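First chain written, first letter: the chains are A, B, C and D, and each begins at residue 1.
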Amino acid sequence: MTRMTIPIGPQHPALKEPLSFLLTVEGERIVESVLRMGYVHRGIERICQNRNYVQNVHVVERVCGICSHIHTTTYCQGVEALLGLEVPPRALCLRTLLCELERIHSHLLWMGVLAELIGFTTIFMYAWRDREIVLDIMEELSGGRVAHAVNVIGGVRIDLDAEMSHSILVRLDELERQIETLLGVIQHERTFRARTRGVGHLSAEQVRRYCVVGPTARASGVDVDLRRDAPYAAYDQLDFRVITAEEGDVWARTMVRLLETIESLHLCRQLLAELPQGALTVRAPRRVPPGEVVSRGEAPRGELVYYIRSDGSDKPARVKIRTPTLTTLITLPDQLRDVNTADVPAVLAGVDLCIACADR
Amino acid sequence: MNVDLILEALRKTFPAETIEVRAMPVNETFVTLPPACIRPAAQVLVEQLNLRHLSAITGQDTGSEIELLYHFWDGRGLTLRASLPREEPHIATLTDLIPGAAFYEREVCEMLGVTFEGHPDPRALLLPDDWDGEAPLRQQPSPTPAAPRHPLPLPTLGEGGG
Amino acid sequence: MTDWLSALFALLVFPGFGFLFVCALAFQWIDRKVAARLQGRIGPPWFQPLADFIKLMAKEDLLPTGAHEWACAALPMVSLATVLTAALYIPVGGWVTSAFEGDLIVVLFLLSIPALAYFLAGWLSVSVYSVVGGSRSLLQYFAYEVPFLMALSGPAILSGSWSIARIAAQQSETVWMALVQPLGFLLAIVGLIGKLKRSPFDIPKAKSEIVAGPLTEFSGRKLALWHLTLHMQTVVGIFLLVNLFLGGPGIGLAVPAALIFGVKVLLILLALSVASVLYARLRIDQLASLGWRVLAPLALAQMLTIIWIGVG
Amino acid sequence: MTNACPCLTATLWGRLERDMLDSLVRWARRKSPWILHFNSGGCNGCDIEILDLLTPRYDVERLGILKEASPRHADILLCTGPVTRQSRDRLRRIYEQMPAPRWVVAVGSCSCSGGVFRDGYNVLGGVDQVLPVDMYISGCPCRPEAMIDGLVRLLEMIE
């Protein structure tokens, strides 16, 4: 059979961000795929070395527009550890609240993108319509829909009162109803199942070999979640389930992510019910004593790692960012082998790529 | 993860080497090893202790040497540290033990000019195809100035704006 | 002279180009509006398809180097012409322009030419996505065409005539074919969705997979003509289905036949819009297996039953 | 004399016709802007807001805006993010593939000027370093309302 090379990207409707795949196909079956990234490489790690610690909060927020808050959380956490700061409990809870709202927003966004890519525009519209509820809440809390600028070193910048917390709870109930409807539709829609079952399969062994993290790993039966395994912020006081599935295909990832949004809703409710009183920030000095720290957080896409080294000045000597997408990108050539070209968008969407994160 | 168990295993594997151990904030242990020991140490971690999750490889230029940090994770963090000379740094690859290390190593390679011996695919990961400057994370006044403003002749205006 | 004039009128105004053009734009708007409303959106204003068409007509016409220039220019014209010709044999609300015994076969033949032209357009415009889209459109053609043809031959066999006008007229006296052959009607609608490459069978032009399929490299006037062809095909296809399955023109009521026809047409259009919103796009192998494992056997069973009843 | 009159009428008629056709085409262009989106190095924030334009709350289809997949079908190129060295050539190629008349809109602060990334070693600056930009929409990230406002103003400029 004749071989043909199909380029996917850098500009391609299946990719919201530039990434390039060269697929070698036989008929409609893929035999080889070559990945080229770096189209959104902005050199953030170097930029961070030229700014001071406070300015860097805003730089790392712009590593990724979808999971901006977890980036600042993990970064601030690291700097706070270097400074030996004790962050007030109320600030930790508000940070966690935003983390969970962001997870809901990110997962719903992903659901919509996947649905659009497999040609199910209606689910895309509904998922994104429901996502607006979360965006509204986040906007009311912080003033920003996508970039929130909530974290500062030593605490948070935002606060909420009883009235707002009540109005958030009401909307969360509405959101839960919507998500459950969505879940029902997806579980019963045969065409959706036909397009996602058995597509983009990753075994638990592959997940371990490639050090894959987050919902992609959990959908393959690897039970990892930093929120439970190494509680940061306020997660040690919260009660939640870690969702896993066994199948390891796009279908399992869909279920894991949607059930996770519901779990996140419960977390938000717990946080709002038990929000401690107290200060929002502690004063942080501009200069950071020499030292190094590895800070980890569970982004919507999985484990996020920051390594920060200070040389005693007001600028970090090194900020290393390892984002979860980098680990999933490495599995793509494996996932794409022997796949039908029509399933490429489902595979690409299934692992929830965030190229801006991966390229930095 | 039991840190003492790991240290014991490492000391047993490298009886002649000095192994420096430091506890760091946020559940992290830093272990400094000679560069030649990194690969055998990773082998011990992966094969004997089933510690297979490599979170990241950080490379940094401290001014006097290139430091590589291998961040492992299994409920607690374990970081292996090795220092390489600034001139022609090289170290053995881990890709055959931990396939997930492939991208991390490629990134360190292009950002700091470290050669990973035995890496199956040492292409650039993030830098552009036409990159002709220094490795960008090496300490130097400025890593190849970003191309000058207005680097290209602008396309003719006129079709737009109707 | 009057013959000549009326022929020209039939070609250019009704039921020829002018009428079909207006219908194509209107149907496109209804389709987009219904889909938008079902998705919780507002949807485009009524003049949207017209604005799109005029804008595309006035845009620069580019083709990639290496593409067959004249073939790419001729293909949309040819397919538009075949659709227009087919339209002449389909009665609109009892208005028969031209009819002869066997025109159903001619119409079905004419309606399959655009599918071929679509494939060629993809093949000749050299882009990888176009070529993949073209070969997919051919595969899709084989998947839906057989059940579609068998489903449409049902009414013809039952009424003993291969003239669309006569099949329609006969239903005025007896009963709607859709009631006699609900299965055939359903198969015909599914086949029509496949033929029109509408969602969920929009496999040859799947946006997220192969950009815009065979039309990826077309722009300006050619693209406008392609879009027009596809939308006119929708109109003609729906008209055909109404004539074959949803009864004839005269039912002896006070309401004019054209109005009744319009209502029936809208019903089918709505069904198509709703179907496009309700499902995810299938893969080409899934469509092929649906076509050959489900649709074709069903259509065959239905046809054999009709023949058996008809003979017995 | 007998010749001049019809000639004059024909010229007048011709001009009238051309004007009408012209305004018709301009009307159509204003009512049917199809957009193509390219991220040349942005953080995703503006990109998801662009996608958000299509969804029920903002629904730009009511303004006739469709998001197209192929550069050959598009009228307006929406650029997000600063231009990185790797994506520069691709951005130019996409622009060249678009048939005239075409417009470029820089969405978001990065795309206007390079934003927080402007001193990065791999960043060339805003989109105007590579393409002629017709409309700048600032914001980090740009709000959907701002994008709609910017697009509508661009469409008024087409007039």
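Here is the rule we go by: contacts are C-beta pairs under 8 Å (C-beta built on N, C-alpha and C of every residue); 3 or more make two chains touch, one makes a residue touch a chain.
Just so it is clear, the structure is predicted and the values come from calculations on it, not from any experiment.
Each of A-C and B-D has its own count of C-beta contacts, and the greater count is at A-C.
Separating the CA-averaged centres of subunit B and subunit D is a span of 42 Å.
Subunit B and subunit C have CA centres that are 59 Å apart. For this pair, subunit C with subunit D, the centres built from the Cα atoms lie 33 Å apart. In subunit B, 127-128, 136, 143 are the positions where the chain touches two or more neighbouring chains simultaneously. Across the assembly, subunit A contributes 12-13, 38, 41, 43, 46, 125, 129 as residues in contact with two or more other chains.
Contact of a single residue of subunit C with at least two other chains is seen at positions 39-41, 207-208, 211.
Pairs of chains that satisfy the touch definition comprise A-B, A-C, A-D, B-D, C-D. The part of subunit A that touches subunit B in the complex is made up of residues 37-38, 41, 43, 45-46, 77-78, 81-82, 208-212, 224, 229-230, 232, 291-296, 303, 305, 307, 309, 317-318, 320, 322, 326-327, 329-330, 359-360. By the touch criterion stated above, subunit B contacts subunit A in their complex at residues 24-28, 30, 52-56, 58, 60, 62, 69, 71, 73, 75-77, 79, 98-104, 111, 124-128, 136-137, 143.
Here subunit D touches subunit A in the complex through residues 36, 38-49, 51-52, 55-57, 69, 71, 81-82, 84, 86-87, 90, 94, 115-117, 119-123, 140-141, 143, going by the rule given at the top. Only residues 127-131, 133, 136, 142-147, 149-152, 154-155, 157, 159-162 of subunit B touch subunit D when the two sit together in their complex. Across the complex, subunit C is touched by residues 24-25, 27-29, 31-32, 55-56, 59, 61-62, 64, 68-70, 72-73, 75, 97, 99-101 of subunit D.
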